[in-house]
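Take this structure first; my questions come after.
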Amino acid sequence: MAEPTTDTPLIAARGISKSFAGVEVLRDVDLDLQRGEIHALLGENGAGKSTFAKILAGVHRPTRGTVALNGEVVDINSPITAQKLGVTLIHQEPISFPDLTVAENLVLGRTVGAPLARVHWAQMTREARQLMDLLGVRIDVTRPMRGLSIADQQMVEIARALASDSRLIIMDEPTAPLTPKEVDTLFGIARRLRGEGRTIVFISHRLEEVRSLCDRVTIFRDGNRVATDTIANLSDGDIIRLMIGRPLREYMKKHGTTIGEVALKIEHLSKPGLFTDISFDVRKGEIVGLGGLIGAGRTDVARAIFGVAPASSGTITVNGKAVVVTSPSQAIDLGLAFVPEDRAIAGIFRTLPVEQNISAAVPRRIAPGGIIRRKVEKALAAESVRRLRIRLASMRQPIGELSGGNQQKSILARWLLTDPSVLILDEPTRGIDIGVKAEFYDMIGELAASGRAILLISSELPELLALCDRVLVMSEGRLTANIARADASQESIMQAAVPRSTVAA
Amino acid sequence: MLKRTLLAGMAALGLAVAFSSGALAAHDFKIVYIGKNTGNPYFDSITGGFKDACAKIGCQFEFVAPATAEATSQIPLIDAQVQKGVNVIAIAPNSPDAMNQALDAARAKGILVLAVNGDLVGNESHRDANILPVDFTKTGPNQVELMGSMIGYKGDIAILSATTEAPDQNTWIAAMKDTLAKDPKYKDMKLVATVYGDDQPEKSTTEMEGLLSNYPNLVGVIAPTTVGVAAAAQVVQQRGIADKVHVTGLGLPSEMKDFIKDGTVKAFQLWSPYNEGWLAAYFADGVLNKTIDNKVGTKFDVPTLGTITIGDKNVMNTQAELTTFDASNIDNFNF
Amino acid sequence: MNAVKSILLRREIGIFAAIVVFCAIVGIANPRFLTTDNFRVILLLMPLVMVAAMGEMLVIIARHVDLSVGSTLGFSAMMTALMFKLAPGIPWYLGFGVAIGIGAVLGLINGAMIIAFRLPAIIVTLGTLYLYRGLTFIASDARQIDRQFIPGPLKAMSANSPTYALPWIVIIAVAVVLITYWFANHSRLGRQVYAIGSNPAAAPLRGIPVTAVTLAVFSISGALAGLAGIMYASRWAFVNPSNTGWGFEFQVIAAVVIGGVSINGGVGSVLGVVLGVLLLSCVSAALPLLGIAGTVQSAIYGLVIIIALVIDQTVRERGILALASARSARP
Amino acid sequence: MTTEPIAPTANALDAAPARPLWQVIFIRPVMLTVLLLILEPIVASVFWPQSLDLQYILSTFTLTAPLALMALVLTLVIIAGEIDLSPASSMALTACVFAAVQQAGVPFPLAVLICVVLGLVLGLFNAFLVVFLRLPSLIATIGTLTFYRGLAQVLAGDNSIKLPEWYMGLNLVTILGIPVPDLIVLVAAILLALLLGATIFGRQVFQIGTNEIAARHAGIRTRSIKTTLFATLGVVSALAGMMFVSQLGTVRYDLGLGGELQMVLMAMLGGTYIFGGRGSILGTFLAGWLLSIMTNAMNTASWLPATQFCLLGVLLIVSIIITNFIYSRTQR
């Protein structure tokens, strides 16, 4: 390849567009990445930054547009090619091979070596140890990955990226599960790599991190690149405005609601390895937020309450009567509803008609005596579609053909049909576009206003701050804070979210 | 009640077809032989007999067989042949009874049904006649005598048979036991075990190995089944104990040649499967043309075989004796 | 320290214990079971299953399964035998090349269809189980190839006459085991097989050439089945279109699963599979000595497969819990 | 089928346009079977006209009927995202027991009861392995496939067990000229089609097969439904066995040996999606007839049975490929 001159950027992306299932998630993104810079990608969930990163790493291929490396247009058609070109991606959720040792996970997939080349265990282990020492992590590299904490898996992930001497390292929210100490080490290394003239793309939600580490920021919104500038030139206000288009509060108006008696009461709920001694309550008409870092155990608590994965000890009280929930069907009968975090996995029946997706949780209403009454079902579904303004071409088209936002609306519709008294929403606005988000916030408000108790799990601090009457915070499986709306702030929540064990350290 | 409707139906059909079959041109009839399963070398030579006979007689012959010897596997083939309107179905039954209904249906259509090599033991009423290679009552004694001659009428012997069910094998084994018990000539020969190799080479081999370890003083093994005798011979050959343990039984020359040549097996016996086919074809021709009255006691002549007598239960055999194969004559046979 | 390894180790010790206990019981019932004589019998029962099981092990570790090994064995054996019959002059050792080659091709076809159309291996190989069997019939015109067409030296390879310390086919099996051990534990490709089975979704993101590895694994499985095919010709000195390799896949899968190879992929060791094969061979060698009819054999195989599956599941679940609770050291 | 849009017609970002009606109707895997069902007679009429006699077709289908009966229920199991390879074996086992106990003098009604209960037990054991121990059903039922037939062999050895004379010949009883076994399959098909299409149970079977986790979250009792399906298949295998032995008048452990392939084949040919969530009873029903008719043709043509093996194997793979292809195209 031509000898790169210093002024040609390492990466020059031009007109990158990407659509999934006919839904466009990236639109004509142009972006230059210079050698030896740490470049932050900011934006709300679903703004397209992760998709862009994955395109650079060869995980996705762009629908349109080109990527030039050192001024040469390259086709990054697979992760293998990406590695050959010196591009490494640290995934948001660390991926690993649970049955293989940590050391193996570090070297696996290195593109060097013939298929029958010998694996030098001793040498491999030695190198692995060195890397771990470098990162200041104490992990026995000869143990299998299975059972490592998310944080440790993330560190292995980072170590892997360092081991492969890549020219471009993309870190997709690497710090989410890390302790401040680990974050410092990571940043130290990142700076050193920059010193070596390597380029780092850093994706994060935490502005302070971005400020302390990055040289330049690019902000995505709604699949578009809305701004690229040196960090110094942008105030936090600017950044947030750029991220969400308009200042948050505007449309997140809180409906004045009267808060009634306790609808859901949790006492000393525990499940070994996931969460311990969780106690809180949610009142009628109240929106209680549940914040924390990824892997803090928030979703596990929700799953336990709803009976998907029942807790091993502790009591649950619904509308005043103590219950033992062992299955979702039972939870539904008790008047609970749960909109799960991952729509595709736990929510929709992708290939089935929208109407069947909406009516899924109310068999008795659509099929008294076991025989399905098509008219009743149609009516219910049509009503929901109208009420939640679900936009579709036909009630009978597979829900998979709908946009993320409308899929999520359909799931919400499913639960509203059960007329729940307690509604648990797990990251309800993840990966849906900004306009629909606004609608969701309004709906959640209305639901509370109609006297339902709502438990809102969210990683988006602004969301929690704007919507919730109270914010609970979990960290490493424990409840670490219960903050009233008045005292809730991004800082107070983060403070509680960061693992205790390490604050001392 | 059910049965009655069935019978009535068959009677009607029977009449109808009786005429047509009566009206068919002298020797130009279709005969099909349904073997136990494909890939079974034994049937190649029976088929040979059918072919040659039909060539002489002028009838058309076809051989079909299912892929596996599973009990019901021959039924669709029978149905299909009936549907094609063959005149004679000769079959080596995979089960003594599973085919009854299909065969009845065939006979109701005026088709002549012959069991060739192996009979529908206990269900003789479902076929017109049974053609066997030899007089099976003699097989047992002949085998014992051959064994005796090899081991000097002295020592422990065992039997390695096919499946526990196989009707012919069982008649022979019974006869062997009987002979050993009654005839003083064999008083020093002791039958210590009878095992079954399911006509699977692997199983037969492990059973043979089992015999050898269980009965150290074993001097002879009779395997009245082609698969078994080959397996037994191979074990003896590989252990190099041919001088100590003598193997004989009913085998195919093509499979046993090597063992005879290297002395692993001194001699074994078999009838001529070829003649079975030959006889069956001529018998069928005779019956269809009313020259043979298919009744017990009827005598008729068949080229090269001489006079054949229809015995009890319409069973007949080629009137030949078992052939004994040894180094002197093995090369003259190619089946 | 290394929990998964130790679990597996415990697992292998378990199988070994099972073998010892079994042999002891049978030995008491019939002392002749413990003679060197009978040891040879067991030894000669193992090679074919052993060789094929090594291939099946890799396939299952990669979170697939190959039901067509029996038919692959049959087809390659038949083609080799046909070659010997039609071209008697041909050097006998060429048979190995032919059998292995044909096997590899059949395996490759399995892999190709699984990859190309993203089909579950079990259905594809269920189809080819019948397809390859059918081709065997057609190729041989449904005729058995008799022993006089099998070259003498080839037959001699499985002769266990006292003049041989160990029959050749046993030595071949041992060699295959050793090579497989090296391949699975010390070759790059081998480790990639484990990786794919351990987390198929992550494999491509890690730059593991999933397609190539999968094709390789199925080709190896096929090739080894082919090798087992010519070993069959050597052992039984005939090849029959319907008998040869019929139902063989159940023995092989049984051996592998008993050996502690996880059907959920990623876990499994050569040692375990070797013990699995040994256990099965002891069982089938014991039956005649105990005067038990051969008809119980398939029932025993089926039962053993189920038990092994259940153990595998429970052991793994307990193992994961143990690991999950054993959190790694943090500063 | 398609209702007029309720919401203002969606733009690209909200939802892809619905598929045109003709596609919904015609572009579906079962069409492969229909096509073959139309083609076969045409081809046969040229080469093997004898195979086209209606009486012959009806009477030979009685041999396929037991497998077809089980295949119909198997279809539900596959739609629910599982599979069961053991029914043919449990049919053999239950049938052997059925005959054995009657020979031992057990009165007929009791024998039927024993047989059905045994079938239920065998089905529940599969459910235990798959639903509660969470073993992959493909492998688990390969185990029970071997085990159940093995038990039959232990019970009956190589001997065939006779049934009472009067019990024989169900296939010779005809209603409107159609043999009873064929009618049984027809009726079963209609009932199951209704169950699958018109009841909430059928709906939930589809939902489980499409996305089990989502189904569980939606309060659908996935485990009990799957257990029901396996149990039903067990019972039906017992019934199929009783039907089959009435035609044979005798039973041996190898009854329906290798039938699992044909059953899976019927389901696949009928357009049931191997990964669950899609499929139809009609498809399996038609595929059953198609197989029977094709086998007839090949038998009357005296084709080497091996060629039939090849055809079955190829058909299986081809039908899956086509099914997968169509579904991957019609679902976005």
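We call the chains A, B, C and D, going by the order they appear; numbering starts again at 1 in every chain.
We adopt the following convention: a contact is a pair of C-beta atoms (placed from the backbone, for glycine too) under 8 Å apart; a residue touches a chain by one contact, two chains touch by 3 or more.
The structure presented is a predicted model; accordingly, all values stated were derived computationally and were not measured.
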Chains contacting each of chain B and chain D, listed by label: C
So which chain is farthest from chain C, going by the mean of the CA atoms in each chain? A
Centre distance in Å when chain A and chain D are each reduced to the mean of their C-alpha atoms: 43
Could you give the separation in Å between the centres of chain A and chain B, each centre being the mean of its C-alpha atoms? 75
Roughly how many whole angstrom separate the Cα centroids of chain B and chain C? 37
Chain B, residues touching no fewer than two other chains: 38, 65, 67-68, 164, 198
Residues of chain C that touch two or more other chains sit at 133, 137, 142, 241, 293, 295, 297
Just say which it is for the chain contacts: an open line, a closed ring, a star, complete, or other. other
What are all the touching pairs of chains? A-C, A-D, B-C, B-D, C-D
Write out the stretch or stretches of chain D touching chain C in their complex. 129, 133-136, 138-140, 142-151, 153-154, 157-158, 253, 261, 264, 268, 274-275, 304-314, 316-317, 320-321, 324-325
Residue ranges of chain B in contact with chain C within the complex: 37-41, 44, 65, 67-68, 164, 195-198, 200-203, 205-207, 209-214, 230, 234, 237-240, 254-255, 257-258
Which residues, counting only chain C, touch chain A once they are in their complex? 1-5, 183, 185-192, 194-195, 197-199, 201-209, 212, 216, 266-267, 320-331
So, in the complex, the side of chain A touching chain D is made of residues 21-24, 306, 308, 327-329, 331-332, 338, 340, 345-352, 356, 360-361, 363, 366-367, 370-372, 378, 382, 385-386, 389-398, 400-403, 405-406, 414, 433
Can you list the chain D residues touching chain A in their complex? 1-3, 5-10, 12-19, 198-201, 203-204, 206-207, 210-211, 213-221, 277-278, 327, 331-332
